[in-house]
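One structure coming up, written as structure tokens, with questions to follow.
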Amino acid sequence: MATLHLVNKPAAWEGCHPLLDAQDAVLLIEDGVYLAQQALSGATFYALEPDIRARGLSQRIHTNIRPASFDDFVGLVEGCQRVVTWSA
Amino acid sequence: MAKRILFLLNRAPYGSSYALEAIESILVAGVFDQEVSVLFTGAGLYQLLSEQDGGAIGGRTVGKMLGALPEYGVTELFACRPSAERLGLTDANLCLPVTWLDYAEQRRLIGRQDVVTG
Amino acid sequence: MVISIAVHGAPYASAGSRTALRFAESALRLGHRIHRVFFYHDGVLAAAGQGVAPQDEEDLHAGWVRLGESHGVELAVCIANALKRGMLDEAERDRYEKDAATAHPAFTIVGLGQLIEAMTAADRFVTFAA
Amino acid sequence: MATLHLVNKPAAWEGCHPLLDAQDAVLLIEDGVYLAQQALSGATFYALEPDIRARGLSQRIHTNIRPASFDDFVGLVEGCQRVVTWSA
Amino acid sequence: MVISIAVHGAPYASAGSRTALRFAESALRLGHRIHRVFFYHDGVLAAAGQGVAPQDEEDLHAGWVRLGESHGVELAVCIANALKRGMLDEAERDRYEKDAATAHPAFTIVGLGQLIEAMTAADRFVTFAA
Amino acid sequence: MAKRILFLLNRAPYGSSYALEAIESILVAGVFDQEVSVLFTGAGLYQLLSEQDGGAIGGRTVGKMLGALPEYGVTELFACRPSAERLGLTDANLCLPVTWLDYAEQRRLIGRQDVVTG
């Protein structure tokens, strides 16, 4: 993984999407997990599991997006070269 | 003299405390015998999603708080139908029954109010 | 005209607190009455009495205090929103056994009933969003 | 004027626009004044002048949008039946 | 791995402060080191020592204090952003002749150089936005 | 050991204090002899508009603060060309010279960094 992108609200996707590299990962957090209801493309996608559960989205997550725990989040940070945070 | 007060809720429930705090003010408006109605629109519709669990992130569950509205005398719950279609939400996804309004009906609802706030 | 105002945003993080203050000043100058300014959500942070404004920026907190003290405008801070954000007057400081009152005494800490009363007692209710 | 709509950021326009009545007025404030760079339709439009000047937009405001002072803002509130505040 | 963290949002108004705290706790549990948590913008409000958390919500401020006191993590608050928002430690209280220190002593008030040092001294710098 | 640090600025200048406070941190990064670059994108491009006057709303002028960047050793100023086209902005509207980047160039810029922040 080259860059890990954090997306914390749906409006942040517009800025993030054009700058994704195929080797990047995107972690949807907080209100960003609403984006996980649709197929997303351009990178590997994860969504923070506690944020999914809080919002009642467990049954609505698209199959191309993997749920991630906070431990997974730490692993993604370790596995990347840098973290880019997107917010609107 | 009771006033007609509309609360317009257009924010998602957990990204900030706005939704939760707005609901607290609606409950109080109900207690104070005003003619209260609520309009859920845009991302505010996510406040109505069933199976929410605020405990997963250490807080209260917004959908459950909304469930208390009728006990507080707040029974006029409206929701924006075009927003729901955009978000892919139907009655089956919601934890509370709402009355769906198209844009013209929402304009008339606003036109009847003394106060509109969020 | 009698106006009530709600302020939802924090000074600095939101422009709404400043816009609301300017609006209130204009309304008073034009002869209207401000029934109450109700600070809600992060808006309660306008009461922070320990703030030190940057030299090259307007001191918004001081502007609100002036509105309260010189024009007798009621500056009402929502108690529930204030407590969790660390805005306490002397009574709440004593009740919760904290070290210090953090809200300036020009602001009064009130219950949510005063928000609803602010709506019913005024001709217009204007919300300044975050 | 029936309703005065306050719009304080561009993203709030999406929610406001479909609910405008022809007799309504819209006052663009704070970052909402960026919207005044284009023609807007559905109501009568104003933009708060100090916010325009701060942002360097004086030469970029569309001719169908009228600049408003804070005194004008008070007059708009007096002239309407209710104020609706839009934020994203 | 050595991690530095920036927190930009206020507790309550933003979910970012809680997400950052959970992330930091996981990182420590997994054996990583947190070099510094730097609170910037409204993030500085996490230091508010007078806050009274609602009974049915997690006390986020207490969580940060625990991270600082039990795990020795440096909780650094940007001085410029803190002063204007009324977050003062005892030294700043004395300097500006205010009534009270408002920041909990688990937090240290520092200059912006410490933000840059947090970036250069860590393997990863993770920003939690408002 | 100097690090390559990219500040990604995507917020409009006066709706909140974010832009102003972010610029303060960039100035300090310049002083600390890091390899600093700045990318203006989305609404962040409005920070570069000429004829700003923060005094009109009681504050500092963001465009003027950005003008100090070169004195602090921060000379790598990039801006997103597609954003500018969407907002109708060209060099003639800006108070500082910037290097325009398309999306592929921005991806490469990010790929060279040790730290990216806002």
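Which chain is which? They are A, B, C, D, E and F, in the order written, and residues in each are numbered from 1.
The criterion applied here is as follows: a contact is a pair of C-beta atoms (placed from the backbone, for glycine too) under 8 Å apart; a residue touches a chain by one contact, two chains touch by 3 or more.
Everything quoted here is computed from the prediction, not taken from an experiment.
**Q** Tell me which chains count as touching both chain A and chain C.
**A** For chain A paired with chain C, the chains in contact with each are B, D, E, F, in label order.
**Q** What chain pair shows the greatest number of contacts?
**A** C-E
**Q** At the interface of chain C with chain E, does the proportion of residue numbers present on both copies reach over half, so same, or stay under half, so different?
**A** Over half of the interface numbering overlaps between copies: same.
**Q** Averaged over CA atoms, how far is the centre of chain B from the centre of chain D? Could you give it in whole Å?
**A** A distance of 25 Å separates the two centres.
**Q** Go ahead and note the Å separation of the Cα centroids belonging to chain C and chain F.
**A** Roughly 34 Å, centre to centre.
**Q** What's the distance between the Cα centroids of chain D and chain F, rounded to whole Å?
**A** 28
**Q** Among the residues of chain A, which are close enough to touch at least two other chains?
**A** Expected reply: 8, 30-31, 50-51, 82-83, 85-88.
**Q** On chain E, where are the residues touching two or more other chains?
**A** 8, 12-13, 15, 41, 57, 80, 125, 127, 129-130, in rising order.
**Q** Which residues does chain B have that touch at least 2 chains other than itself?
**A** 14-15, 17-18, 57, 59, 114-115, 117-118
**Q** With touch defined as at the top, which chains are paired up in contact here?
**A** A-B, A-D, A-E, A-F, B-C, B-D, B-E, C-D, C-E, C-F, D-F, E-F
**Q** Would you mind writing out the residues of chain A in touch with chain B in their complex?
**A** 8-10, 30-31, 34, 37, 50-51, 53-59
**Q** For chain F, which residues count as touching chain D in their complex?
**A** For chain F paired with chain D, touching residues are 12-15, 43, 46, 49-57, 59, 63, 88.
**Q** Using the touch definition from the top, list the residues of chain F that touch chain A in their complex.
**A** Within the complex, chain F touches chain A at residues 8, 10, 41-42, 82, 103, 106-107, 110-111, 113-118.
**Q** In their shared complex, at which residues does chain D touch chain B?
**A** 2-3, 14-15, 18-21, 82-88
**Q** Which positions of chain F touch chain E when the two form their complex?
**A** 1-3, 5, 17-18, 21, 24-25, 28-29, 31-32, 34, 114-115, 117-118
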